[in-house]
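These are the structures, in structure tokens.
In what follows, chain A forms one complex with chain B and a second complex with chain C.
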Partner chain A sequence: MSTLIKRCAQAGSLESGDALVQVAPSDGEKLALHIKSKVGPRFSKSMHESVHAVAEELGVTAAAVEIVDRGALDFVLRARVTTALRRAMEAEIHE
Partner chain B sequence: MSKPLRRSMLFVPGNNPALIVDAPVFLPDSIILDLEDAVTVNQKDAARELVVHALRTLDFGSCEVCVRINGRHTPFFTDDVRTLVPARPHALRLAMVESAEDIVCLDELLGRCESEAGLPVGAIKIMAAIETAKGVVNAPSISLASPRLVAMSFGAEDFTNSIQSERTPQGQELLFARTAVVLAARAAGIDPIDTVFSLVDDDTGFRADVRVAKQLGFAGKSCVHPRQIALVHDVFRPTPEEVHRAERVLAAYTKALQQGTGVIAVDGRMVDGPIVTKAQRIVDIANSSKNSQNWRAQ
Partner chain C sequence: MMVVNKVGRIVPSFVENLGEFQPYAGLFATPPTGNHYAPPIRRYPGTGKKLLASLRDAILASGLKSGMTISFHHHFRNGDMLVNMVVEEIAALGLKDITLAPSSLQSIHQALIPHIRSGVISAITTSGLRGELADVLTRESLLKSPVVIRSHGGRARAIAAGELKIDVAFLGASAADVYGNMNGIHGPAACGSLGYAMVDAQYADCVIGVTDNIVPYPALPISISQTQVDFVVQVDKIGDPKGIMTGATRLTRDPLELHIAAQAMRVIEASGYFREGLSFQAGTGGASLAVAKFLKERMMDTGIRGGFCTGGSTGYICDMLQEGYFSAILDTQCFDLAAVESLRTNPRHVEMSASFYANIHGKACTAHITDIMMLGATEIDTAFNVNVLTGSDGIMMGASGGHSDTAAGTKLRLVTAPLIRGRFPIVVDNVHTVVTPGECIDVLVTERGIAVNSTQPALQERLNEAGIMTVSIEELQWRAEKLTGKPEPLAQSEDIVALVEYRDGTLIDVVRRVL
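Let's turn to the complex of A and B:
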């Protein structure tokens, strides 16, 4: 279990053009990623790659990540995942 | 190259992806990605991250891109600056500036962050937002506090709070402060930018307010809705008659210089130094308007 993820956290919204990213500590040793998106079949691969790239950048190897996509562009997804992971890595509550 | 214009500065909430993506479509002279009033306290981190990713990714075309950061005495100030500098916005607009020290502090922090990021020191400019009585009183020293300063904006909502007054449609309560900001900015050679007009459906009232701003000497106006942009540009654009007369003044002046003639007149009106300067300004603004913007080429 990754010690980096200390708590559940989320970032983003369900507004059009955004994504809601929820992060939780994981019992496993990998990133457990679930993405719900209308454009999933077409962009699933690149969305997975972006999430993994952000996690790697922050040193997160294990976490449960759930994303509800509302048509977020790649930079939005990366920003929301970054914020959610950072919040989950902190001890204090932001939201 | 014509002087870049700051007629319209469109505020965009820093935590709204759709509005950030759409902003350049409306062709404002400047886009202000807002991390201050448009973002709730518990979303400052999310907005900051979104703005940084937007700056690194999006093509804002010909628009100047600024970020309004939280005031110097807030807990967000240092993180705002440190996080934003590597993404290299054109400028940071500092909220609630009340003294030259506020600007000096930002200037020094920017310098350290630019060095750490491998950017030339001075690359990122500063705009000072004057929003309180104290800020207005200190506007002259604020306007000279840093060579990075390119503009000074006035914010009426916080200002009226600070003088314990209310905004009225007539705006008498703002007249002294607006004029003070214009004088300080113009004396320092930077752009004075007028306050927002919040009634987004009132085109008539907005146009009248922009006319007053132009008459007072402002270089542009902060906008809260894309529909306000074209109205601002329309008011600030010189009319064809003004441009035509200005060109004739400049032509007559050039000819007089070449021929060593003394006093000249155009349309029966004496042309002296200030008239020539004004004519040149009208032609410059007309050319800049025509050429749109060129921030990326700066």
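Let's turn to the complex of A and C:
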């Protein structure tokens, strides 16, 4: 089990043009990624690639990532995933 | 057999149950043939008694049989109760294989899905489809022939030409008398102009007027006349006012749409068509409607006054008529109650039929004599072809409407659209469905730039002289895709679920079943 992801965390919103990213520790060895999106049929590949790329940059190899996308542009999605993963990697919540 | 048409789309030349089709060959390239259709002469009782007790009695009296075609208008929009009510009754009578030919369909008509699955309705022709019904008809091949999509003018033409033969027209009216004079401006279900219904009233073999508001004879004003109506039926409720229209369409406050509208007004002013007596058709979308606001401001500043407004009407345009900015409104469709009120009270605001509005083979339609037309687009490609029918998922979600009709004949054809909508670039290599050919689109105005069609060098020149920055449409596409990325191709089957007729009856495109 990955030690990087220490807790559940989320980032983003369900506003149009944004995405809500929820991260949880995972028992598996991989990134368990699930994306729900209206634009899925036309952007699924790009969205999966971006999430994996962000996870790789942060050194995360195992996590459960749930995304509800509302048509976020790629840089928005990457920013939300980065923040959600970083929050999940922190031991405690810093207010 | 499949053939390639002038916009490069592969379309069938023959369709089972529908017959032969010609491919789209250019705006006015395909000449008309034949005669106008005329309904049969019937005998009427001397008393002229037309009021029947129920819809069922009217259906029986009309002689409707399995395999026939019924029609409706869509002036009640999403508040319409008549289509569902009539089809329910037809199903209860055990009729099958009916062709449904309304001027358009809304999401409320998802109640038809079970009757499509059971074979009561086996063919559909309409201007548009929305919601669950559109979804089902794009994902499954449920009908015996593809849905035929027609523009408002195209439908009027097809009916007049007898290509779309209507056996029984069920025409809802918010006020009617027992002899069949009807209008849409009085009564609880007021919807305004009955422009689309006028064509059905003229050419259908049997016309049934349906109302929830019988008024003393004569029902004035007379939008549809007793000379065209066979039977009258009173029902409890014909439409839900909440779904028919809002009180007054509010102008958008979205800064992006206002910015696009302001840019569009700059283009109008530079084009040379902002001049005394200008005629104008406002769109209904956010940005295109907002252009009216900027137009009014510039009219106020310059003292220029317009001639007629055409197409549909909103309270905003009616106020401009009242205040003297325009001299008349020719109206096929009221979009809000303020417009209905104007139609009721202002003698310079008059109804016109869909044929008067947009029939290519009519003897003069307003779509051919208007100066400035504001158009929308769900997608536009680098050849300026416009899609207003299918969404980014390939599912039908809109309507052909008067888009291709007005684009063909208006002097300045201006498309306004946000460059990006819900992660999708609006400018694409090839639109999913061509509704309006690019050869009749002059200019695209977005929040990130203006592009003039290269076929319009004179307009380009005028914008240059006015100091309006323009870019190529390819540049707009690049600007959009830089932010959105390029969408992956859609997964679709070879099966054709809809035929898109151009306004002259030729095929401009098809919609394929989405997987």
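The definition used in the following text is that the second predicted complex is superposed on the first by the 93 of 95 C-alpha atoms of A that agree within 3 Å, B and C clash if a C-alpha of one lies under 4 Å from a C-alpha of the other, contacts with A are read in each partner's own complex, and residues count from 1 in each chain.
Keep in mind that, in the parts below, contacts are C-beta pairs under 8 Å (C-beta built on N, C-alpha and C of every residue); 3 or more make two chains touch, one makes a residue touch a chain.
None of these values were measured; they are calculated from a predicted model.
Chain B and chain C, once both complexes are superposed via chain A, fit side by side.
By the document's definition of touching, of the two partners only chain B reaches A:Thr82; chain C does not. When the two complexes are overlaid on their common chain A, residue A:Thr61 makes contact with neither chain B nor chain C. When both complexes are overlaid on chain A, the residue A:Asp18 reaches chain B alone and has no touch with chain C. Counted by residues of chain A touched, the larger count belongs to B, out of chain B and chain C. Legend: residue contacts after superposition of the two complexes on their common chain; A:Leu73 is shown touching both chain B and chain C.
Contacts of A:Ser44 after superposition: chain C is touched, whereas chain B is not reached.
Minimum C-alpha separation, chain B to chain C, in the superposed model: 6 Å.
Residues common to the contacts of chain A with chain B and with chain C across the two structures: 16-17, 72-74. On chain A, the positions that touch chain C within their shared complex are 16-17, 38-39, 41-46, 70-74. The touching residues of chain A, counted against chain B in their complex, run 11-12, 15-18, 72-76, 78-80, 82-83, 86-87, 94-95.
Of all residues in chain B, those touching chain A in their complex are 16-18, 21, 42, 45-46, 49-50, 52-54, 56-58.
Taken in their complex, chain C has these residues touching chain A: 392-393, 420, 422-424, 483-485, 487-488, 490-491.
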